[in-house]
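In this document, chain identifiers A, B, C and D correspond to the written order of the chains, with residue numbering beginning at 1 in each.
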Amino acid sequence: MLGPDVAWYVAVAAVLFGIGALGVLIRRNTLVVLLSLELMLNAGNLALIALSRHWHNGSGQIFALAVMAVAASEVCVGLGLVVALNRRRLSLDVDTLSELRG
Amino acid sequence: MNASSLTSILIWLPIAGAILIWILPLSRYATGSLALLFSLAEVGFWIEQAARFDFTRSGLQMEERATWFGDLHVSYHVGVYGFSMWLVGLTVVAMAACTGYGFWVGRDRSRAYFGLMLLLTGATVGVFVAQDLLVFYAFFEAMLIPLYVLIGVWGGARRMEATIKFVIYTMAGSLLMLAAIIAYGLKSGTFDLVNGPTSASRWLFLGFMLAFVIKAPLFPFHGWLPDAYREAPPEVSAVLSGVIAKAGLYGMLRIAIAKFPDPTSFYRTAVLALAAAALVYGSLLAFRSTDFRGVVAYSSLAQSGLIALGLFAGTDLGFDGAVLQMVAHGLISTSLFLIAGAVERRTTTGEFRFLGGMARGRPALATLLMTLGVISLAVPGSASFAGEFLILAGVFQRAWWWSAIGAGAIVLAAMYMLRLISAVLHEARGSTVADEALDLRPGELALVVPLVAGLLFLSAWPAGISHHSFFGQSPAASVRSQFK
Amino acid sequence: MTGGAWLCLLAPLGGTSLITLCGTRIPRVAAAWIATTSVFVAFGGAVWAFVSLRSQNGHRGEFTTAWTWLESGNFHAGLQLFVDPLSTVMMLIVSGVGGLIVLYSIGYMDGDDEERRYFAYISFFVFSMLLLVEGGNLLLLLAGWGLVGLSSYLLIGFWHERPSAVEAAKKAFVMNAFGDATMALAFFILIAHTHSLSFVSGFGVGLSPTAVNLVALGLLGGAAAKSAQIPLQTWLPDAMEGPTPVSALIHAATMVTAGVYLIARTHFIFEQARTVELIAAGTGALTLLVAGLIALVQVDIKRVIAYSTMSQIGYMFLGAGVGAYSSGMFHLMTHAFFKALLFMTAGLAIHALAGEQDIRNMRGLGRLMPFTKWCFLAGALALVGIPPFSGFFSKDSIVASTAALGTWYGWIFWVCGIAGAFLTGLYTFRLWFLVFPGEPSPFVREHHHKHHGREGAWTMLVPVGVLAVLATVGGWLQWSPQWHPFSDWLEPAARTLAVAAPTNTQEYYTSVATVLAGLAGIAVAWAIYSERKLAIPAAPFWRRTLEHKFWFDELYDAVFYKPTAAFAAALRREFEEPVVLQTGPDLGRTTLETGGFVRRIQTGLLRTYVLFLAAGAAGVVLAFLIAK
Amino acid sequence: MTLHTTHVDWFGLGPVFVLIGASFVALLCAVLVPRAVRRLASATIAGAGFTAALVLAVWLYVDSANGHTIVSGAFYRDRWTALGQVILCAIGLATTLLGVEHIPGWGRSSDPGRRDDHIAEFFALLLASGAGMAFFVGAANLMVLFLSLEWFSIALYVMCAIDYDPFAASVGGKAADARPEDRDAFGVAGGSLEAGLKYLIVGSFGAGTLLFGSALVYGAAGTVSFDGIARAVASQGLTGDTFLVTGIALIVAGLGFKMSAAPFHMWTPDVYEGAPTTVTAWMSSATKVAALLLAFRLMTTAFPHDEHLWSWAFAIVATVSLAIGNFAALVQRNVKRILAYSSISHAGFMLIGLSAGSALGGRALMYYLVPYSAMAFGSFAIVAARERELGVPVTLENLAGFGWERPFLGVAMWFFMFGFAGLPLGGGFVGKFYVLAAAYRHGWVWLVIVGVLATLVSLYYYLGIVRAMYMRPSAELQVQPGGSVAVSGGAPAKEELLHVAVGAAFVVSLGSLFAVQPLIELARHAARAFPL
């Protein structure tokens, strides 16, 4: 039961979340954007697990497990779309995906 | 037939007719005939209703009520008072004439057209018989739906601007009325007009009044009026000024004045001032209008002002006169717009500078336009004179200057109406008036003559309406007691 | 009795309706005879009412109500007739003279292609006029009042291709509408105070002095407009655009004298507002002088007679205003005879000259139209008031009444009356000398033509003859100093005020003065226009002033019409179009521009979207943390 | 050691299982059934699945008078859930009808013969997303909430992009540079793909936010179940706890994304425009139903003690949505975009009901959803019909004459537009009245005023669509009808099923105007599930 206070875990998770969000905001490559999204989800996971430990119940851990599965399938779909983009020889730069606007 | 179901029949019969027309793939001729049949049946049912109406009894008659949604105490509640019955009569008669006009001129896309006309009939009747605020509001708004399409599809060159302006203007008022209705209904626990309590809230009063002054309209809320009246097909302009505008005035009487006695007296001078402004302003602009419909349009503004003057006088004579004048002006402007349509069909224009000299060789047109014109300018002895006389005598008891303004506006009315008559009928023949342009045809006569006959009948017996609108000797007392 | 009244009222209405409904299905001449018959039937009804009223003893006056016309609160006004001495006199005049004139119209209008319309209008006029005089309450009186204005409008503008006729018709109607409006305002005061407009039981009693003065002023406004008294006189000369029988009937014999009837009918009120009543008298005095002066320079035969009508109505106002109601009414009756006669003889002349109305072209017409000439002379002498013609009896008693007042203004009125008599002689005989005596002018020779070998159709000559007789002998009905059945008959309805009852002395010296003044006028006219012994004084300013009718038209144009029109145009230009009509679209445009701005946020770039999401989330978090 | 197995109320989860089962069958169909009958077979499966789920949901409604949680407090079996599932299944059924004729992918240019390639997958995804939503509305803890959210979201991401043609040859780096012949039916190179990817990225961002928020709430309360959170907050006096409050805020943002409420709405117009119209119809109606119903439950069940926070937040979000949705819609020309913005503004209206946080608000929300989803679905379906007819994106310009050419669809669209605008033609009128009444009762007069002003602004574009359909002569139309024939492989545009679907939407929205009392009764029973 030793280790830093749960607040530190949550803080790290928050930082991770922020990094992920920033990544989505500023990176242009679709793959990196997907990566950043994963980072955000994992920030949530980290917090859940730490808090699960804090509360001595399993809800958080189970939650985190489920989130991993979800994240995987999400990234699958994302990668599928990236492949499709690539097959049409369209750019992977997310900024070029701006045909739909207004 | 149960007398109380007559009210519902009057609302739903035309709507059922509209649906029938939309479903049945009939020819243009058959569609028109069917629509006309429905609107005449509507007139018949109204006559039946009027015959069964008991003028010696107070309170709501031919009442029907069914829960619409119970948790907020909203119910489908309809019924008629004396004055609402007259306005229903005006609606069904004017709508029958206008539907007939559409049939006569052979509007294209006839199924859509006639269905919408019937829908409009039902919705308008609904406004005049609704005794629940939300039902009233629903019908009040429902009138806009067919009107929007009728103006936008069958109107003149600038119809789209005109129609969207019309709808947005009127909705601007009525949406605030919706807010007021919600506030009133939730505060008092019921939306019922008959049993609902009176309210002293000035904000709610203003919310309702905004809707009504735009619909009526009163100065300076008439921005939609000139365009709509000019661009709509003539029979729709006729309905707009003859019937729809009356819905706003009816609302003032039935809701604003009856339900908000304290705010009414608080804002009385302000509303009277608006009404007087509408009267003078409308008359002045009618005087400078350069086309047939422009004159009639602005004169409608003036007439709305006059009627509002009578309503907000709050005196016996004012109320009676206002109801009488609503009916009289409804018949007048309906017929005038139909005649404007007939003139435009013959000459392709309503601009005075291209018109003139149509009296020669067209006795029916000349006689009818002249008759309507002079009744419209309230020549003493006519129905509209009786109405205006009562209104001004009524408002005189409030303060003399309102009557003085009104009397001045009547002189202006003579000026613009005579200008209209001579610009169309008299002097040199206009450049667009061909020799071959026919006199009114039997079909057109069949539409306008009954309206004029109605006016002449009212001229002979204006007390028929003025004394049969409110129960008891004193209309003001009847209004104070919520028509009970 | 009441049956006669209803018959009298409804017969002309029936005539109108019949002609209108039959339209072109009946020949023109049938329409003419329907109208004539209906008016004579009305005359029959009037006689019936008169005879049965005469046979009644005691209280003479009966109401008859068909139904309640207008009702509201505690205000009721029935469709109600009132048969009393005053209304029967008016009924007789209206339907009698009216019948003769409608008969005359048959010949006069023969050949006009809208004859049916004419006859429908004219019987409608007779109906309206009868409604006015028979109406049993002020509301019906006002209804008739407005309807005669309407029929006057229709008939003035009968030849509607002529812009001048249409303009004249509109002017007449609008000025009368003004009068209607002031009357209506007076009625509002009455309703507010007494809840009633009925003539029953001394209406208008118990009003406050202010109220009664205002009521009287309102009524006077209506009366002045209808009777073309200053300041509402300008429409009458223009009204001569209508067919001549119309001028004879409406603008001489009946409608324009309705103001006098109104004052007599509502004398209860005027007597409570004595100042206003004297203003009425003053108006009459002023009008009789002004109109007489203007008549001196007119060159249109009908306009001369029109101004003379104004002038004579001025006399009637003077009489009624000082309180001599029966004298005013008596002059109304004789005036109806001789003025209708003058118009109809003028009509014969115009007819014979193919529509020419300028008296400068008419010299010597008498040689070709002797019957016309002698009838005209009878009318002219009656107008000037030379005994034994009718005008003498009626006019003198009015002037004598002013002398009876004995006050300073009474004497001013008296002087005006005498001066008016001089002017009457002058302008009437100017007309006579210019038109009838002497050798026919080239114009007359060229244009004169006979109808059926006579001076006109028999339908025209018979009424003229009858009226010539009436104009001559009509005044014998009453000679105030000795013999006054007319005043006696009217006494229950409109008793002459004691202050306005002249002594016999006053009657005599007034008679001498007026007759002398009239003769002097005739003499001057003879000297100037027949013998050319006197030159017309060269006073260019005065001449121009008279030719411009004292600039009333120009004044009203500048003070009322033009400012109203300019104000309306300015409202349209400065307010309606930029403010009222533009506010909605402007708001709409602003809304759309806002929409355009919102749309620009939607860049299509993912980063923007994410940024918004993140910023939104951060905003909610911040807000919660602050607000928690 | 014995495994403690929890009791599973299979019946309570019935609709979800039926849908997911049908999804599996449809997926099998994609591989096992020959291409010629694949469309028919998979559509039949989808139809049967939705119908069966609908019947079960109705049964559940009747049978769940006393709401309770099942499966260890993971899922609510109550009338709120059941009613939501009924609505969702009905929309799903209608979408199936639409999908049969308006198969996503029909617009592929390269090979008309292959357009039925992924039809079975489409229906499988439709059923799967339907199942996710059906699960979502009944979620009883934050984990189930997140899982089911992602469940239907991922299905939707794929559905959005399903119009992608893998065989289209393309050159160049930027979509905008693609040659005309490489553009798909809508003249957009990779529009569907762009929509899918945008939706995925923004959606995952939203999901991440929601997840982190859930974690924080869990951190504060120590439990993920809704009622547990409320109990914990009450017992430990956590109201105003930083973790809790931040968590709620992030959850509000995450759910706001799903409802496409501003300012979390930015993806909506692009995705609605780019996605195949059938999918748009499904998303615009069903997603909102699920998200709003869940949000109402979550807020009133889990966070009743912080009502003062979230009700204000939702009121502000509603106001912003009403403003942005309506203003942006004013200047659009593309009809799908107009409808997308309109859906944002309607989210604002429904959020008014939500923000009232009362039983009346719940009824208002539930009632509002019925006509709204019918009208939203119906109007997109009509756009789909026009799209197919013309073969180009539907703009206001090329809507000209539509009303006269296709009377039934025209009248229906006219009806939906007036209904959206809140005119008394359909239940939209009563819905607006209800939510505004709820706001008034909550004491928010300003919100009522905002609501009516927003309605006023919205009139312009709704009327604009009617104007485009009826008041412009079709001669103004630039593209000739039938342009799609070459593109869509000459399929005859009979579209009976589409008519049936639109007709159903029409009947529902009209019926809801008259049958207010029964619907409100249903909603009232459903809203009894909450501690209000």
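In the analysis below, a contact is a pair of C-beta atoms (placed from the backbone, for glycine too) under 8 Å apart; a residue touches a chain by one contact, two chains touch by 3 or more.
Owing to the predicted nature of the structure, the values given are computational and were not obtained by experimental measurement.
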Once you count every C-beta pair in contact for both, which comes out on top, A-C or A-D?
A-D
By mean Cα position, the chain sitting nearest the middle:
B
So, what's the distance in Å between the C-alpha centres of chain C and chain A?
97
So what's the Cα centroid distance for chain A and chain D, whole Å?
25
So, what's the distance in Å between the C-alpha centres of chain C and chain B?
36
Please tell me the distance, in whole Å, between the geometric centres of chain B and chain D computed from their C-alpha atoms.
43
Could you list the positions in chain B whose residues touch two or more of the other chains?
168
Where in chain A do residues touch two or more other chains at once?
21, 24, 33, 94, 97, 99-102
Give me the residues of chain C that touch two or more other chains.
588, 599, 602, 604, 606, 610, 614
Please give all chain pairs that are in touch with each other.
A-C, A-D, B-C, B-D, C-D
Chain D residues touching chain B in their complex are 360, 363, 404, 411, 414, 418, 423-425, 429-430, 433-434, 436-437, 440-441, 445, 448-449, 451-453, 455-456, 459-460, 463-464, 466-467, 470-471, 516-517, 520, 524
Could you please specify the touching residues of chain C with respect to chain B in the complex?
20, 23-24, 67-75, 79, 117, 131, 139, 142-147, 149-150, 153-154, 157, 160-163, 166, 169-170, 173-174, 177-178, 180-182, 184-185, 187-189, 191-192, 564-565, 567-569, 571-572, 576, 579-581, 583-585, 588
Contacts from chain D onto chain A in the complex sit at residues 141-143, 146-147, 150-151, 154, 157-158, 161, 164, 166, 168, 170-176, 178, 188-191, 193-198, 200-201, 204-205, 207-209, 211-212, 214-216, 218-219, 222-224, 243, 269-271, 273-274, 332, 337
Sites on chain C touched by chain D in the complex:
588, 591-592, 594-599, 601-602, 604, 606, 608-610, 612-617, 619-621, 623-625, 627-628
So, in the complex, the side of chain B touching chain C is made of residues 165, 168-169, 220, 222-224, 226-227, 281, 284-285, 287-288, 315-317, 320-321, 357, 359-360, 363-364, 367, 370, 374, 377, 379-381, 385-386, 389-390, 392-394, 396-397, 400, 403-404, 407-408, 410-412, 414-415, 418-419, 422, 425-428, 460-463, 466-467, 473-476
